Amino acid sequence: MESLIRKTIAAALEEDLGHGDATTNALVAPAARCKARLVAKQDGVLSGISVFRQVFEALDTDLQAWQAAEDGDMVKKGDVVLSFEGKTRAVLAGERTALNFLQHLSGIATLTHTFAALIEDLPCQICDTRKTTPLLRNLEKAAVRHGGGSNHRHNLTDGILIKENHIAAAGDIKTAITRARAAAHHLMKVEIEVTNLDELRQALNAGADVVMLDNMESTTMAEAVGINQELTGGRSKLEASGNVSLERVRAMAETGVDIISIGALTHSAPSLDISLLIETCE
Amino acid sequence: MESLIRKTIAAALEEDLGHGDATTNALVAPAARCKARLVAKQDGVLSGISVFRQVFEALDTDLQAWQAAEDGDMVKKGDVVLSFEGKTRAVLAGERTALNFLQHLSGIATLTHTFAALIEDLPCQICDTRKTTPLLRNLEKAAVRHGGGSNHRHNLTDGILIKENHIAAAGDIKTAITRARAAAHHLMKVEIEVTNLDELRQALNAGADVVMLDNMESTTMAEAVGINQELTGGRSKLEASGNVSLERVRAMAETGVDIISIGALTHSAPSLDISLLIETCE
Amino acid sequence: MESLIRKTIAAALEEDLGHGDATTNALVAPAARCKARLVAKQDGVLSGISVFRQVFEALDTDLQAWQAAEDGDMVKKGDVVLSFEGKTRAVLAGERTALNFLQHLSGIATLTHTFAALIEDLPCQICDTRKTTPLLRNLEKAAVRHGGGSNHRHNLTDGILIKENHIAAAGDIKTAITRARAAAHHLMKVEIEVTNLDELRQALNAGADVVMLDNMESTTMAEAVGINQELTGGRSKLEASGNVSLERVRAMAETGVDIISIGALTHSAPSLDISLLIETCE
Amino acid sequence: MESLIRKTIAAALEEDLGHGDATTNALVAPAARCKARLVAKQDGVLSGISVFRQVFEALDTDLQAWQAAEDGDMVKKGDVVLSFEGKTRAVLAGERTALNFLQHLSGIATLTHTFAALIEDLPCQICDTRKTTPLLRNLEKAAVRHGGGSNHRHNLTDGILIKENHIAAAGDIKTAITRARAAAHHLMKVEIEVTNLDELRQALNAGADVVMLDNMESTTMAEAVGINQELTGGRSKLEASGNVSLERVRAMAETGVDIISIGALTHSAPSLDISLLIETCE
Amino acid sequence: MESLIRKTIAAALEEDLGHGDATTNALVAPAARCKARLVAKQDGVLSGISVFRQVFEALDTDLQAWQAAEDGDMVKKGDVVLSFEGKTRAVLAGERTALNFLQHLSGIATLTHTFAALIEDLPCQICDTRKTTPLLRNLEKAAVRHGGGSNHRHNLTDGILIKENHIAAAGDIKTAITRARAAAHHLMKVEIEVTNLDELRQALNAGADVVMLDNMESTTMAEAVGINQELTGGRSKLEASGNVSLERVRAMAETGVDIISIGALTHSAPSLDISLLIETCE
Amino acid sequence: MESLIRKTIAAALEEDLGHGDATTNALVAPAARCKARLVAKQDGVLSGISVFRQVFEALDTDLQAWQAAEDGDMVKKGDVVLSFEGKTRAVLAGERTALNFLQHLSGIATLTHTFAALIEDLPCQICDTRKTTPLLRNLEKAAVRHGGGSNHRHNLTDGILIKENHIAAAGDIKTAITRARAAAHHLMKVEIEVTNLDELRQALNAGADVVMLDNMESTTMAEAVGINQELTGGRSKLEASGNVSLERVRAMAETGVDIISIGALTHSAPSLDISLLIETCE
């Protein structure tokens, strides 16, 4: 995974540096050095701090850094998260790219944490979806974990999730589950999406390992939990999905579902305000 | 640019498809075909509709599509934006990646439009920054244009923007501007960031083409506009930056600044809700 | 997956073509055309026939081909598998690369089929391992399926398999299983390797979804099947691994294990003899 | 060549690691260290030992290794080939990829050695072909050298080998050789494939540098050697090809041919059994 | 930019090394070391000396080098520019690639210097064009700067230059300039090409920042300078282009134009003769 | 080779287009079409005409072209080489890149032709070297062939050329040749560089296939030809190298050497003047 992150960072630097930082190259001497402090301007949860460092290390192999917090740590407005010393050219050239990663990922971790904190006393997990920003899925899914959430399948290869159109193609729920299990390798579970309690019963009877309850009312979810207890003794898992808000998440978790998945964690989290203060060294 | 977008799409599909869509391959016959309609679930401005199409065309070269709206068009909740017919496997495998692009970019276009609409009668432009999502800058900057905004420099190579640390390295504002202009090729303008009116005067006297007013009060901005009129006859341009909100943007524009740049356009726009309805063909 | 195969084919052609087929370019006119027939010289099971075609299609977009057999079909010595007509330069330049893929993959499919045929009346699957040729895993795992085998996890990401060193690191079997399940996303099962029946009991009691019986005697395996029936009602699966030979495979399957995994399918299958007969067109 | 091998290793690690070793990351602490010994389980000839090391060095830059044997060395069952100490996570994550390279390449070196040993007292070389595994040609051809064989041309660019279809395209053997020599750069020799002694005479008279005797009986080969002596004083070389087996290779070499080329060296060598024993450090 | 240069060097080494230096690998021991001196065989201006070093450093990470001159320095026939000590294999393998870069780039720097020296007392700059060798633009534009020239826009993205066909498409000069400025980001200037003084007047009146005088006589250029002074007070810049020769360049500069652009700097500079003397170390 | 050229063209277009042609996109409508004629402004030999076409075809898949001359054809000042019709945006965006290839390669073909024409009645070939522009070797070596020259080895892999430092490393000429031949595959010849007639004798006696006469006087070369006749009956080839000029080339060829190699063909050929005339279609 480290090598994939290095490639992502290299591509991001090419995107922002083009064939060189015209301003810095004109005005800052190659040998000039500076100190910099990374300071939180808002409370939140960090994610991407090692990516942030690697951006600068890609530009200055001798950078010295002192790190005060790790991915997953909460920071308060005013906290110094990291300080470092290095070549001024590298620091100015890497600043924007490094912050773009860090603020975006910390925004996701912070929003995830906000949801997770509301239900932390309940046996229910906040989980992400595949609604991630193209090309950043690995990092965004790590940010969800840093915020206290769990991950759903990474991509279409490493998990089976049967949706409405798949059921239509297979003919019925039972056939769909049976055929999916036969095609999956023996370490994959089978999940299926249902929209009502009758479908839920069919799915559990057909041996679904996980059932996604799509856009259900909380009262229906509570009934679903009872049905699962009755038919599988709770061995199958229930995932609630759709219309999840900060207002509604606790009521959903209280129904007894095992997992609540939320697309907004990765597609609509505002970035966290963190900034870099640079002082030229004497 | 087309070839860069094709590479981005291919990378996004690799990210989501891994070595194949396990569910669809198990349940949908290779020859099965379907119809799909892309429907807005929210009002907003479209961006990324051609990227959306290209995702599916990368998976099914014979896809037939009918497009009802273009990038930059406003859509209303319930509008059918596009409909198409193609291989069911390709449609199911590409759905998430295509929507991830479209919803993210349309979110940016929509937020930009919201800002731009508030000042559309004033001679002032809403402009983006380099605070974009890593690896998506081209597409995000296009989304800002679709929303009615203008673009700032694309990257560190294609525009000179002298900031505080650059001034410190050069010694003073005049030296910084003079040296930057000498290093720039002859089609580049020189912009410099100032924090007060004294620095503004120095910058304009040294020949700055554009001056960024960083985090100033609206009343100070209005004075800055007067000074620019006095010293350059308005030939230099003024850009306001920092703390721009929907509440404050009109007051800022009314000061007479030429450009208002807003990082949130690209780093904090929530995604626009658009969904794909799929019907198996008989 | 198609795009990954295209890249693999392009890289293989670069490897063999260098900067051009020196002999063919010297001796064959650009416009010359030929017919070719692909003929089995040995009985076996086909795999890689579409890769074979794509090699030539990459060199001659107008190639006309008639295909008599599909991946997974059995062929007899002398069978014409495919015939085509195209540019002689493309056919001669692509011949070796196309056959290298086809013979290697058909060799794997054929060996897999030989194992699978011996136990086809028993409820037990022949399964591959990660002992594949570097850079060809996707194609080799498809070849195993074409031969009637099933696939184990694709790589270290998409399945949990706890081995001796992992247990040592975690402290004991129960802790290892519990921690692995907590870290896995909710569509992954947990498999663990055991070397005796006591470890098997610990693993099943800790909730292992699959247990790998490493290098056990057939009599011990039979006991293991009984223990699994007793403790999980057969809901957990048993995989036998190690020292599998054509002589021994049926006795292993008769013990009642669910899966027999065999590294030799992909690391030691001899290539299948298939050749291309080319006639210049008049 | 080193940089090409590094790319091959990186691609192989991406193939097996995906976005991380799920099991090891869940169970082994980042700082944990271990010792490992690479032990031969079968007699054979080593090839790929430096690739094996580089796999781990790509994952742990501080790995300490002690190497007891080099590529080309014979090992006996039970020999410790290499021992090393490093991060447990790196060792477990790299184990399969490293062994897949080493066992495959050592299998080729071992089979080559078996052939070469049978004729080591004769002035005849065992030589490979282009029947290699796609994407691994460089490494497989090195393995043949490690086993005591020599290499044929690397690819279609760096050697002229005129086959039946090329002769047909050119019209006759003499024209084919003359035109090929004119097109080749002045450091390339010209080889041609013949199926009988009359064609051999034509080829030698037309100045062929090397002649491939395709699928001939040993007695015919012996005659061919005499003809070559008579017409060129042995300056041209003769290569025997087709139906080479361990039983037949010595009789072929005794005819006096210079080179015997064998596709099976690279397309059908079983992998050599070598394994990695890992002990967690206290 | 460093990472782009590293990629260019790696690609150039792959081009020349193929899968290894056959001669050197056969004849030079891996451990052999040598000393080498880089000596100018002709007077000229250096460019590419750091690229030259990086070629060898890519092949031998322990290379020791002593550098006597920098890019932009003038060298005399016989000067030792650089001396180094390293592995003989690396030095022989990298020699040709390193010299190919250095001689080509120094040729460009030298020709640029020859032009620039003829007008060094005049306020006029020698400037390059986009007539560069494909894939080497960055390095060639740096060579122009090393020779004392300035750079025009880097590519079609980072500068607006309106030519005859663009004017025709827009309708007239004024419309073209107005529309180009509206589309450009606010740090880009607008340049337009004119062929006579009437067009020049239209361009300046429409606010062109720079005007290219295409293929004009020197007397016409002098009139153009007067018109620019009259209409813009010299704020707009004039660039002369077409038919620039060593004979004519001074007369052109004496007209008062600001910039003279010359395609031949990059498309027709002969390489500078520099060679590498290698002594095996005892 | 086609796929390598496509990659080179794509990289060259990325280099020049960046993220779009700012001027053309601002001023030319997407649907606008134009006609263009490629016209020689100087006499010369064409090379790169298919690359030229492919540049535009990469930007406009529907381009219609009429080609009046092929690579290797001589053109006269004023000749229309090619005319085509296509999208104006594609034509303006591709113009510079297409011409940069064509003018550079035709410059090489033209210079090669000038040399070759001077000795066309003699049995001696003009040959290139490895002194090519980095990343363009394939195309430049093709240009030499288009101009009537022949190619030397393509790179360090596909030919053995023993130089002074290699001889020093091996000990003496005979040892160097013997060891090189043993290491080379059996389709490679062995060439060695000598500086005097004594070394020539040693080289021929040791069996060198080709001998490079480095920087010799013509009278010495003539003696060398006699020695080669005496020792090998002319079977070995002699290559003259160093200080080749248009003035001296005929005298060199008249000595009877087989090959004259000239670095300047590829490192110092001025570009050929060819231009593209574009007319907007009505």
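Quick notes on this one:
The chains carry the letters A, B, C, D, E and F, assigned in the order they are written, with residues numbered from 1 in each.
Criterion: a contact is a pair of C-beta atoms (placed from the backbone, for glycine too) under 8 Å apart; a residue touches a chain by one contact, two chains touch by 3 or more.
Since the structure is predicted, the reported quantities are computational estimates derived from the model, not experimental observations.
The fewest steps needed to get from chain A to chain F, moving only between touching chains, is 2. Among the remaining chains, F is positioned farthest from chain A, on the basis of C-alpha centroids.
A centroid comparison over C-alpha atoms places E as the chain most distant from chain C.
At the interface between chain B and chain C, under half of the residue numbers involved are used by both copies, so each side presents largely different positions. Between chain D and chain F the centroid-to-centroid distance comes to 34 Å (mean Cα coordinates, whole Å). Centroids built from CA atoms put chain F at 23 Å from chain E. The mean-CA centres of chain A and chain D are about 46 angstrom from one another, to the nearest whole unit.
Contact with two or more other chains is made by residues 17-20, 154, 157-161, 188 of chain E. By the definition given earlier, chain contacts exist for A-B, A-C, A-D, A-E, B-C, B-E, B-F, C-D, C-F, D-E, D-F, E-F. Within the complex, the chain E residues that touch chain B are 127, 150-154, 157-161, 185-191, 209-210, 237, 239, 258-259.
Interface of chain C with chain D (complex): residues 8, 11-12, 15-29, 32, 34, 88, 92-93, 96-97, 99-101, 103-104, 107, 130-137, 154-163, 165-166, 168-170, 176, 179-180, 182-184, 188, 264, 267-268, 270-271, 278, 280. Chain E makes touch with chain D in their complex at residues 10, 13-14, 17-20, 58. Of all residues in chain E, those touching chain A in their complex are 1, 3-4, 138, 154, 158.
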